[in-house]
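Two complexes are shown next, each including chain A; its partner changes from chain B in the first to chain C in the second.
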Partner chain A sequence: MLAYTVRRLLLMVPTLLLITVVVFAVVKLAPGNPFSVLQVPGEGPSRQMNPEDYQAMLHRYGLDRPWPVQYWRWLRTLASGSLGESFSQRRPVSDVLFGGAERAFSAGLPPAAAASAFLRRLAESPFGATVQLNLLALLFMAGVAFPVGLRAAARRGGAFDRVSSLLLYGLYSLPNFWVAVLLIVLVGVHWRLLPFIGMHSDGFGAMGPLAQAWDFLRHATLPALCLSYGGLAFVARFTRGTVLEALHQDYVRTARAKGLTERAVLRRHAVRNALIPLLTLAGLLLPSLVSGSVIIEEIFAWPGLGRLFVQAIYARDYPVILAESVLGAVAVLLSTLAADLACAAADPRVRLT
Partner chain B sequence: MGARWRRGLAWGTALLLAGGLYGCSGGQPKRTAPAAALSVTPLNRTVAFLPGYEHRPPENGGTFTMALPVDPVTLNPILASDRVSYMAYKWIFDPLIDMDADMKPVGVLAQSWENSPDNRTTTFHLRKGVLWQDGKPFTADDVLFSYHAAMDPAVDALQLRPAFDQVAKVEKVDDYTVRVTWKEPYAPGLAAWVFYIIPEHLYGYARGKGASFNQNPANQAPVGTGPFRLEEWKRGDRLVLTANDHYWRGRPHLDRLILKIIPKGQTQLAAYETGQLDMAALSAEQWDELRTDSAFAAGASIFEYYARQFFYLGWNMDGSNPFFADRRVRQAMTYALDRQGVVESILGGHGAVAAGPFYPMSWSSDPQVKPYPYDPAKASALLDEAGWKLPPGKTIREKEGKPFSFECLVPAEVDMFSRWLEVFQQELKRVGVDMRIRKAEWSVFLDRTHRHQFQAYLSGWGLGDDPDPYSLLDSSQARLLPSGLAVGQNDCSYANPEVDRLIAEEERTFDLQARQTLFWKIERLVAEDQPMTFLFWPTQMVAVKNRFQDVRVSRAGYGMFTWYPSLLDWWVPKELQKP
Partner chain C sequence: MSGREEGAVKIGAEARTGAPRSLGGDATPTLWARFRRSKGAMAGLAFVGFLLAAAYFAPLIANNEPLVIRYEGRWSFPAFRELPPLNHLLPKDAVDLRLAADPDWLLDLPSKPDPRVGFFLLPPVPYSPYQTRLRDVNRGPSLSRRHPFGCDDSGRDVCARMLYGARVSLLVGFLAVGVALLIGVAVGALGGYAGGWVDAVVVSRLIEVMMCFPTFFLLLAVVAVMDPRYLNAWTVMLVIGLTSWPALARYTRAEFLRLKDSDMTASALAAGAGPVRVAFRHLLPNALTPLLVNATFAIAGSILLESAVSFLGVGVQPPEPSWGNILSLVTRYWSAWWLGLFPGAAIFLSVLSYNLVGEGLREALDPHSAG
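Right after this comes the complex of A and B.
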């Protein structure tokens, strides 16, 4: 198992390299560069630039070199443990993505204080914003979809099964940007029940920890709802399907035959055996934790990775684009690995070699 | 309730493209009226007017909250090249001079200035007793430092440098006097000194060491001489600015200015309606919805004003296509398009048909130059005259066997552009011309137009503080460099020796009256030549909570970002101030 894990981790390196090469090449194929986008006709004649000056600036940042050279330089920076410097913000990419959280440990604070400063900075960074929001969305999705799927499977073809699947497919078919606006207009503006802008209220810093958590939950509710309802149908139907399949197995018939209650059959035999595909599903869902939703983050002014990514693409801010791509790729690879390991742990028949 | 529901549905569909990456400042493009008769008074005086405060002296206090679509990139005015950064640093720093409500230069950090009799030098007399927000005095050294930093090739300020092209040197005469020597007399040069001054003592910076300037921590933690100081910057969330009690003009009436990072579109308006923002830009559709909403109107002052930006169809006349080198063809294009119709149908009346490149509300534009009327018959006659005849049985004109079929390039991000083009496409078809619409992502669009690799394109042009049209219209600005990029922004390759001569003369003319005569001549020639089909001067609409007093629009537009002092004079009556 350990050898397997190590081998999988090592295999990640070439995969990641390949991903970054592709991302780099694609980004480079798009015309323009971080500085050509500076030319904005709306800003009038005084805003044009001298072409030689412009070439000099490209040279200063190495952008006049062929892209493989630029890629090699980026790799070298990465190997030295840095994500590079954002072109547009002129700050380290780690500051842009993670709020410079790692510097909490080099500030000479006592370990406990440093850890809490680290967490606080991370929570307020785009990375933290996205992870917190998606975690909530994922919890909500799992919390609703698993029980619904189970119940639907237990009474297959019953009223609950039909109504829930109709409702979930109905939700699935609603575009989330439209639902988001509807929720803002109704819940936010008309009923004034929940806030719909950003992560925190004014005066968040002055609140106690409980009030802060409550404030965060209130802000996150609407965007988390929008992010999760679409996946409900998928997860619930998947759960239903795997449980149903398990219910058709011989061992379930045996369990029933030996006189177990339906409840016990479902819990002890069907669900446990349905766990493996569900773990695989969780492995597929986990990477979404760090993939910011562009549309929802934009509508709810959520300061996360998705908004950052789009801005970085428009600004041709290569280091930020690459860093976010690597982050996403690492998340996918690690989640798959975790799912595989979890399957092995859950089912002694699974052999990882 | 019912109305809100419907609004939600309608806006939901309109929302996707509301993201703000297009450089033109937001909002949608006023009112149907002949260009000469446009008015910039608040549209809705009865709605806008909160009676009882007209004769009260301004009171201090209160907070104004507005939205920025994204975080500022930097708060160093010398490095910033985007509008959002400007919307933030503008309150923290002061320029040497600025433009007032009538678009005339007014001294800010410079108390006064004068030209030598031969107009080869300009001497700025700086205000005495101005303090940086950290208490250090402001002197001529700061002006020189800012200028030299901007001109240092190692500093990422290339968007600023062309404005100083004609400056030969800048010298300190004494602590409060700066003398600028021009390479030759250059009337548009003064506007370059709408130049924000940064403090020398905060930048431990040596010439040629760009990184120490480009990556200086002071870029994120600015100290200016401006009316507000930065109190807090929570990235992705907000910037909090507080009144500078030591501002040389006296503190602004408002205590605080909060800039919240909220993307454009529905969310901003919803935030305005729930009182989390005090100002919201309104699109034409939003305006149509809201004008009948009494709850909205009761709390708002609403202003409509020109964005000082026009849209145009540029015709490539460098000879790479057989169509547009001929003036008659370009004129025909303009006659063939029902621009007024588009203003009414798509802009919802929020704009005026453009006659030329000069802002109709300014001294530079000749009120006698009128937009071409919509006249498809005349368009057809001109095309016939130019040799583009309609062969019998065909719907597309031909000349020497070539069909009149061209491609129009348009930035894909601006949904409105494509909608205009679809209308124009039909209108051109009616006169026997085939136009294909080619959408391109913004940077692709920029790249192709700058390399003159297009037949026609649709874009916008914003005016600088000086109306000098050199980079847009002078023939020298169409030249391509070995790199393939154009020297200037004359992407249509317009070349009229008389216009070149008038531009050269206008740039050496310091008397406003005489300069105006020259601009008017230029405008007439350009209207005849139609190097581009001038489309519209769109207007923008903005709602401001009406507890704010002395909010004004002028000929120069809505005051916040276009003229000085604007916001510094706004105030809130004590009883309406929020805690």
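Right after this comes the complex of A and C.
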């Protein structure tokens, strides 16, 4: 197991390097730079940047250097952990993304207090906001999709299987930003049932812990719903597929032959073995969750990484765009790795290939 | 559904005994026959056809110029001016009539008669997609005013904008996937056919790395750094194509790997065919059918991506209409529900249609994967 883990980690190094190359190339190949938007020909002089200032800005951010130099400098900021300096906020990108949480450890606090300060700061950062929202969405997804997929597999071809697959298929094609808009119009504006802007109400800091949790849940319900329902179809179908496959195995026939009830066969034999491929699902789901976060957070003004990304786009804040693109890809890479390692731990045969 | 599956399996069993499946020749009728069995897929296909018709005939359905008018004693057809090839077939002076600059002139005609105008017929939605009218700002749907889907924040008719937006949506679907297919097939074919270090070191790594990026993220990163003056429907299509090829490359590579060791390849090589000829004349046609299914799903994905970036305001820029940028207006005027309902429904229905067509194709091609 250790050898397998080490091998996989070593294989990740060239992949990581390639990820940075792709991100850098994508941004460099696209026409334009952060300041060219301020040099629009045909706009009035008041909206133009004068050529000397333009050159000075390019020089200030090193954008006038040859691209290998720019790439090397950027790699160094990645390696140092600062991820570059945000153009619009004028502080390290890591501070913007993670709220400077790591500084809790260098403040000279006792370890326990430092850890709790670290967690609190992280939870308040854009990274923490996104993680909280996605965890809630995953919880909702698993809570609905597993039972549905299981029941559909248990009575394959039955009414429940057909209706649920049809419904989930329709859900899968529903654009989440449309659902978000409709939910806001109906639940938020028309019925005034739930808040739909931001993560907390005013005066959140003064609330007790229970009231805080309740307030968070009320704010998170609509965005988490929008994030999760698309994956619902995917997870339910995947569960159904893997359970069905497990049901075709010899050991299930054996279990039936020795006279176990259908319920026991399903719970103890089929489901347990179907869990292994389900572990890979996390890796498959993350890209869609990350993509979904961007647009859903923007609609609900959720102060997470997705909203930050959109704001960085509007502000043409290159370092933030670059850092978040790399972060997104690395998250996918890591979740795939974690899923593979979990599979290897659960099934020794995987390690040999 | 169960009856359909039994039938499909029977046909599949017959097909298996025959020659290896191919796109052309005698396999086509059975493919169509099997495809036709799926009601969902046929409904999807019908909706795509409806969209094509609506997008093509948009100038005849929504236009502030009349379909036909008798003006100063001559018949004219101004609405056909923007509709190739009909505008070239009709006499030039019959479509080239430029009427008064005031767009409401013909609508107001019943109350303000004009002696030069005889008979005239306006399209069902008598507004052009770009025509702004102060008195219609954020007006709700109203059939009597001929605004079936209401108006946006500049008083432009939403129905007219959606009809022209359908053009963007359809084009994005086909062109973006066309670009993605070109790149994906080239890369996938290289990896799958060349194998060895080319595949292991270059192609597989490249696909693996590209698959790490959520397509939407990559797409946003590109449009984010692009000059806004280059942002229009065409560049958005190109960028979607350039960022969504990895999945297609992966399928092509897998198909080529599967086919490379077949007797078919061996016999082609024995007959003296070169590697390029084998790859593109022998392997590609056989890999094309499964690719077709994935390309159909990719169309649905591209439409979704385009509407999402336009929704965020970094895709197709107003006043050029797209379903995504119409929908985004609702986030500024939450009470104008029609700005949210109709464009979103159009996106949903077209995405659903392409997904249904893709699903139908998959079942028709491989009856055993169904269920």
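Rule of thumb we're sticking to: the second predicted complex is superposed on the first by the 326 of 353 C-alpha atoms of A that agree within 3 Å, B and C clash if a C-alpha of one lies under 4 Å from a C-alpha of the other, contacts with A are read in each partner's own complex, and residues count from 1 in each chain.
By our rule, a residue touches a chain if its C-beta (ideal position, glycine included) is under 8 Å from a C-beta of that chain, and two chains touch if they have at least 3 such contacts.
These numbers were taken from a predicted model, which means no experiment stands behind them.
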First, second, both or neither for A:Ile299, with chain B first and chain C second: both
First, second, both or neither for A:Val189, with chain B first and chain C second: both
Chain B versus chain C as contact partner of A:Val181, first or second or both or neither: both
Chain B versus chain C as contact partner of A:Met57, first or second or both or neither: first
First (chain B), second (chain C), both or neither touched by A:Ile197: first
First, second, both or neither for A:Pro31, with chain B first and chain C second: both
Which of chain B and chain C A:Gly208 touches, first, second, both or neither: neither
Touching partner for A:Gly259 - first (chain B), second (chain C), both, neither: neither
Partner chain in contact with A:Ala129 - chain B first, chain C second, else both or neither: first
Doubly contacted chain A residues - partners chain C and chain B: 30-32, 36-37, 40, 177-178, 181-182, 184-185, 188-189, 295, 298-299, 310, 314, 316
Residues on chain A engaged by chain C in the complex (per definition of touch): 14-15, 18-19, 22-23, 26-27, 30-34, 36-37, 40, 156-157, 162, 169-170, 172-175, 177-178, 181-182, 184-185, 188-189, 287-288, 290-291, 294-295, 298-299, 309-310, 312-314, 316, 318, 321-322, 324-325, 328-330, 332-333, 336
List of chain C residues in touch with chain A within their complex: 1-2, 205-206, 208-210, 212-218, 220-230, 300, 304, 307-308, 311-314, 327, 330-331, 334-335, 337, 340-341, 344-345, 347-348, 351-352, 355, 359, 371
Contact set on chain B toward chain A in their complex: 1, 4-5, 7-9, 11-13, 15-16, 19, 21-25, 70, 73-74, 79, 81-83, 153-154, 156, 158-159, 161-163, 191-192, 210, 214-215, 219-220, 234-237, 260-263, 265-267, 270-271, 273-274, 276, 309, 441-444, 446-447, 450, 459-465, 468-472, 481, 483, 485, 487-489
Complex contact set, residues of chain A against chain B: 30-32, 35-51, 53-57, 60, 85, 88-91, 99, 124, 126, 129, 177-178, 180-182, 184-186, 188-190, 192, 196-200, 295, 298-301, 303-304, 307, 310-311, 314, 316
